[in-house]
Amino acid sequence: MSEVSFEIAGVPIEATFAEAFDMKATRLVITADDRQWCRDACAAMCGFGTSVIACGIEIAVEQELSPEATPDGRPGAAILAFAVSGKELEKQIPRRAGQCLLTCPTTAAYAGIVGGRDVHSKRVPLGKTLRYFGDGMQISKVIRQTRLDLDQNEVAQDVRYWRIPVMDGEFVCEHDVARVDAVGGGNFILMGRSMQSVTKACRAAVDAIRPLSGVITPFPGGTTRSGSKVGSKYPALFASTNEAYCPTLRNVVESRLPEGTNAVLEIVLDGMNADSIAHAMDAGIRAACMSVGDAGLTGVSAGNYGGKLGRHHFHLHEILKGGA
Amino acid sequence: MSEVSFEIAGVPIEATFAEAFDMKATRLVITADDRQWCRDACAAMCGFGTSVIACGIEIAVEQELSPEATPDGRPGAAILAFAVSGKELEKQIPRRAGQCLLTCPTTAAYAGIVGGRDVHSKRVPLGKTLRYFGDGMQISKVIRQTRLDLDQNEVAQDVRYWRIPVMDGEFVCEHDVARVDAVGGGNFILMGRSMQSVTKACRAAVDAIRPLSGVITPFPGGTTRSGSKVGSKYPALFASTNEAYCPTLRNVVESRLPEGTNAVLEIVLDGMNADSIAHAMDAGIRAACMSVGDAGLTGVSAGNYGGKLGRHHFHLHEILKGGA
Amino acid sequence: MSEVSFEIAGVPIEATFAEAFDMKATRLVITADDRQWCRDACAAMCGFGTSVIACGIEIAVEQELSPEATPDGRPGAAILAFAVSGKELEKQIPRRAGQCLLTCPTTAAYAGIVGGRDVHSKRVPLGKTLRYFGDGMQISKVIRQTRLDLDQNEVAQDVRYWRIPVMDGEFVCEHDVARVDAVGGGNFILMGRSMQSVTKACRAAVDAIRPLSGVITPFPGGTTRSGSKVGSKYPALFASTNEAYCPTLRNVVESRLPEGTNAVLEIVLDGMNADSIAHAMDAGIRAACMSVGDAGLTGVSAGNYGGKLGRHHFHLHEILKGGA
Amino acid sequence: MSEVSFEIAGVPIEATFAEAFDMKATRLVITADDRQWCRDACAAMCGFGTSVIACGIEIAVEQELSPEATPDGRPGAAILAFAVSGKELEKQIPRRAGQCLLTCPTTAAYAGIVGGRDVHSKRVPLGKTLRYFGDGMQISKVIRQTRLDLDQNEVAQDVRYWRIPVMDGEFVCEHDVARVDAVGGGNFILMGRSMQSVTKACRAAVDAIRPLSGVITPFPGGTTRSGSKVGSKYPALFASTNEAYCPTLRNVVESRLPEGTNAVLEIVLDGMNADSIAHAMDAGIRAACMSVGDAGLTGVSAGNYGGKLGRHHFHLHEILKGGA
C-alpha cells in the first residue's frame, strides 16, 4: 500500500496516481421531437460501450440539453465517445449512428464540437456515410454558420447537412464531426468495509460527476468491479483480474487491500482533456468519502501501471489538495 | 397497396403478411444486489443491439423478475438475444457479458432456458469463456438441479457454475446457456396522418407488447423509422431506404402509402417461436388502432420480400381474425 | 425481544405478530393517451398519501395496466386507496381526483372494483362530484355492462359515465366506485447491522411485493423509518417515536433491538383483504432475508399494540410457515 | 380573440397577458443517503400539490442537487412550495414534512433560502414542529453559519438544527425556513390542431422550463387541461370550466379558439419572483412554438381575469420581444 498522507472524512487517500491514456474523442448532439425519443436514441447509441477492449468505443451521455441549447430547438442530449485511435472512432460512430439514430423516430444528429475543416483536419463521418441509405434520394445543403469552439471562440464554418428520406420524413444529419485529442482511463478506486457501503459511496461519486461537463463514466451505473492487471497466466489474454484488489483472495495472494476491506469498486473516467478528469476525480472522491466516511470506506486508491504506459498521471493528493 | 378486407377502429388492415426468418436465440437471467444495479447491467448489455446487420445481435429485456422468480432470490431480469446463426450468438453473448455483466457490480448471470446437455447440444458459452478473467483463481462447481424447460416440463440437469474473483467479491456465472431455434423479423407497419398520431399509436403498441413473454422489440423505443428494401443503387450496399414508404418521396416514386399518410413507423419483433410473435402482433396492432383510430392512422401494413426470403409468414388478417 | 423459533437465511424471525386494522378501500383505474400522461397522473394522485394520520388516505399504484387490460384500450394503472372510514374515502378521493385527474391531460377515471348498486351500497363519488366543474355542459350516459367482481364472478350493472368538457376535449369519468372493507397497517420490521444492509434488504422486500395484486406499500420508497408508539409525553400528541427501536437510544431506554442492530426500517402494507397482506408479508420478508442474510439483518419483527387495537393479527411464524 | 401582432415559428401570439397573484413561498433542500431515497422523498412530498384550491399548496421539485451543492454533501433536491398566505404555508409544510420526510429513510431537511431571523421575520416551521415526535429525546444545536441570500450576499446566521431519534438513526432537520413574497399563477395557453400536436408542444415547453431556477410548473406533467373561469351556475362553486377554451363546445358557446383548434393545454407557473416567471414563459412559449410550428399550434394565449384580481400582468408580447 502506498504512503498515506491525508484523509477526507476520515478516509485515507493513498499517495498514488491514476494513469490515463491519450485517446481520440468526439461529441455528438442528438435531438428528437420529444424527450422520450431522445432518451430512446441515447440508450441505444450508448449501450455496450463500457470499454474499448471489446466494445470498440467508450460512449455515454454527457448531459441532457434543453430545447434552447440545441441546434434545432428540440429536446436533446450531448454524447461523448472515446476510442484508442481516430480510425476506430471513424469506424464505430457511423456504425452506431446507422443502427441507433438513423433508425430512431424523429432524431437528428449534429456535431457537438467544432474543429477545423481544412483538408488536413481529421473528422468522423456521420451523414457522409449514412447518406447512402437514401439510395440516391438524399439531399445535402451547405450553410455558413458561426459556432463556438472548445475555447468558446466564435468560428465561422461551412456546414454540410444531409436529409435522408425515411418513413417518418427525413433524417437530418450533419456531414461529419470533428475529433479531438482526449484522455481516457482516469480512475479512482473505492475500498469499502462492505458491498453496501461501497455501493453507497460509489453512487454518491457518480451522482457528483454526472452534472460535470466534458467527462463521462462509461461503465454500468458509472462503475466497475472488474479491476484488471496487465497480463494473465493464459497467454492469449492480455489482461486479467487484479487479484491484489479482490477481497476473496486476500489470504491467498499479496493483497493491496487495507485491513477491513471487503468490497472494492472503481470509477473509470474519460474526459475531453486532463482538466475535466481531474475536476471530476476531485468531485467524485469527495462525494464518496463524505457519503460514508471511514465507517464505510477503508481507503481511496487509483489504478496505474507504474507510469510507463499512460502519459497522464493524476496524483490523488494533488487533485484533492484544494482542501481535505 | 394490398387488398383491404377489414378494419380495426376504422383503420384499414392490409391483406398482406410479415415475412420473418429463422434465427437462433437464447435467454439469460441477470440478477443483482438491488434493482438499480440490475437495470444498469441490462442497459449496458442491451444497448447497440437493434439489428443484426451491424450490431451482431438483437437483444432486449424480456421482463423484469421479482426476487421470488430468480435463481438466487435477488432482483432480476430476463434478456432475450437473437442472431442469424448459432456461431454469431456464441461470439456476441460472451463478448457482451464480459463488458457489461462481469464489469457490473453485484450481478450474476444464469441460463434462462433449459436445453439438452449431451455433447451434441449447441450451447452459448458464459462462464466457459469468462472464467479466464479469473487468471486461474476461478472456481467451478457442478450442482444437480431440476428446472422447467420451454414446455414447462421438469428437467434434471448437472449445472456448472463459475465463481470468478472480482473486486466486489465473486462474479457467479453459469457455465453456458442453451440456444434454440427462434424467429426474427416479425413486423407491422403503422401508417399515420401525422408524426404525432403515429408516435402515439406506436407507443400504445409497444406498451401492449411489453408485458408479453417470449418476444422483444429491439429497436429504439421499440420501433424504427428506417424501413428498408433489399438492394441499393450503390453496389456495395445490400439494403437501402424503402422509398415506397417515405412520405417525402410520394410524388417522386411509386408510393405504397395510402392517401393522407404523412408519417410511418415499423415495429419489428423477435420471438422465441412463431406463436409469440403472432400474439404480440395481434396485441400491438389492436392497441395502435384503438389508440388513435382512423383519425390518426391511414392503415396498417407489414413488411415482406415476396415470401421468398423468410420461412415464416404472418398474415395480418389471420392473426387478427379473433375479432375486429 | 420475543421468543425466536426459526430463521430465514440465518436471520431470526421473532415470534410476534403485526397488528392491522379494519379500513375502507377503493380501487380506481386511470387511463391516458400515452404511458407518460398516465404516470404523470398517478404521481400527482398518489403523492402525499403515506399515512392516514395527516394525509387523509393511504394511496399508491397497485400495478400498471397494458392497453388490453383497461376499459378504453389505453395505457393505464390501477390505484388502491385506504382510509379509516368510508366517509373519509368519500371526501378524499373526489378531492384528489379533481386536483390530479380532472387536471391531467387525456386521463379518464374508472371504477376498479365492482360492488352492488342498490340504494344501500356504499360508494365513493367520482363523476358524481366532479361533473359540476362542467358548469351545466357536462353530459352523462348509462351503459349496461358486465364486469368481474372481486371473486371473479360476472356482474351485470348499469354504469353511469360523465363527459365533462375541458380544454383537451372531454374528461370521461365514471359516476362512482364501490368501496369495500379492507385491512390496513400490516407490517414487518427489518433490523439491520448497518443502514446500507437494511436499505438493501428493504428494497428487495419492496421489489418482491411490487408485482403482487391487492396490496400497496404507501410510504416513501415503500418503507418508513419513523416507527411510532401510541402516546407521548406531550399531551397533545397521540403518537411519538418508538424509542425501543431507535438505535441511537439503545443505551438510554429499554431497547428491543437485538445485539448488533444499528438501523431499522419498517414496511407497512395495506391490502384489499387479509390474504393479500399475508402473502405480501411472506414474499417481502423472504426477499429481505435472502438479500443480505444474517450478515446484514439481526432479525425481523413486526409492530403491534398488544393485540387490543386491531382486529387482524399476522403472526410471522404462521405466515412464513410454508418453509424457511 | 385578442389582437395578434406577431408570430413565433408561424404561430400567432395573442396580444394578451397572464394575470398572476401575490403568494408566499419557501424553498426546502432535501438530502438523502442516495439518489433513490431522495427521489422517493420528493415524490411523496410533492404529490397532490397541483393547486392551492384543494391541495393547500403548490409544490414541486425545482432542481436536483449534486452532493457538492448540498449542506451535508449528500445527493439532494430543492423543492419550491407556494401558498396563498404565510399561515397556510406554515400549516402545510410541517404537515407534509412529517408525513413524507420524517418517514423517509435517511433524509434530512434544510432551509433552502435565507431570510432574517429577528423576531419580526416570518418563518415556516420544520424541526420546530416535527421535533415533538422525538418524545423528549430530540436534541438541538445552534451553529453560526454563513450562507448566501437570494441576492447572493453572504449572511451570517445562528441556525438551529434538530436531531430526532428514529429507527434508522436520527432525522436531522433545520428548525425553520424563511418564507418570502412570491408570484403564483403565471401561465400560457397552447392552442393546437390536435391533441398529439399540443401534447408535443406542451412537453417541449415543460422540458425547456425544467432546468430554470426559481420556478415550478406544479400540475401533472407540468400542465393542465382544466382551464377555469371564475364563477359557476352552481352557487356553491367559485370556479368552473372555461367553456370559451373547450373545443367540444365551440359551436355551443362563444368560443375564443382560433379556427382549426381541437385541443388546448395550459402551463401554469409559480415563481420566486416575477422575473423567474417571465423568463420561464419566454423559454416555454418559444420551445412550444418551435417544436410544432403553425402546423401544430393555432395560437398562444394566456389567462387573465381582466387584470382586476392579480397584481402581476405578464404581457406575452413584452416577454417575447427579445426576438421572434
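Letters A, B, C and D mark the chains as written, and numbering starts fresh at 1 in each.
The rule is short, and it goes like this: contacts are C-beta pairs under 8 Å (C-beta built on N, C-alpha and C of every residue); 3 or more make two chains touch, one makes a residue touch a chain.
These numbers were taken from a predicted model, which means no experiment stands behind them.
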Looking at A-C and B-C, which pair shares more C-beta contacts? B-C
Taking each chain's centre as the mean of its Cα atoms, which chain lies farthest from chain B? D
How many angstrom lie between the centres of chain C and chain D, each centre taken as the mean Cα position? 28
Rounded to a whole Å, what is the gap between the Cα centroids of chain A and chain C? 41
At what distance in angstrom does the C-alpha mean of chain C lie from that of chain B? 35
Interface hub residues of chain D, defined as touching at least two other chains: 33-34, 36, 199-200, 203
Once bound in the complex, which stretches of chain A touch chain D? 33-35, 66-68, 72-75, 200, 203-204, 207-208, 210-211, 283, 286-287, 290-291
Considering only the defined contacts, which chain B positions touch chain D in the complex? 36, 194, 196-197, 199-200, 292, 296
Contact set on chain D toward chain C in their complex: 33-34, 36-37, 40-41, 43-51, 53-55, 95-96, 98-100, 102-106, 132-137, 164-171, 189, 195, 198-199, 202-203, 219-221, 223-228, 232-234, 237, 240-243, 245-249, 252-253, 262-266
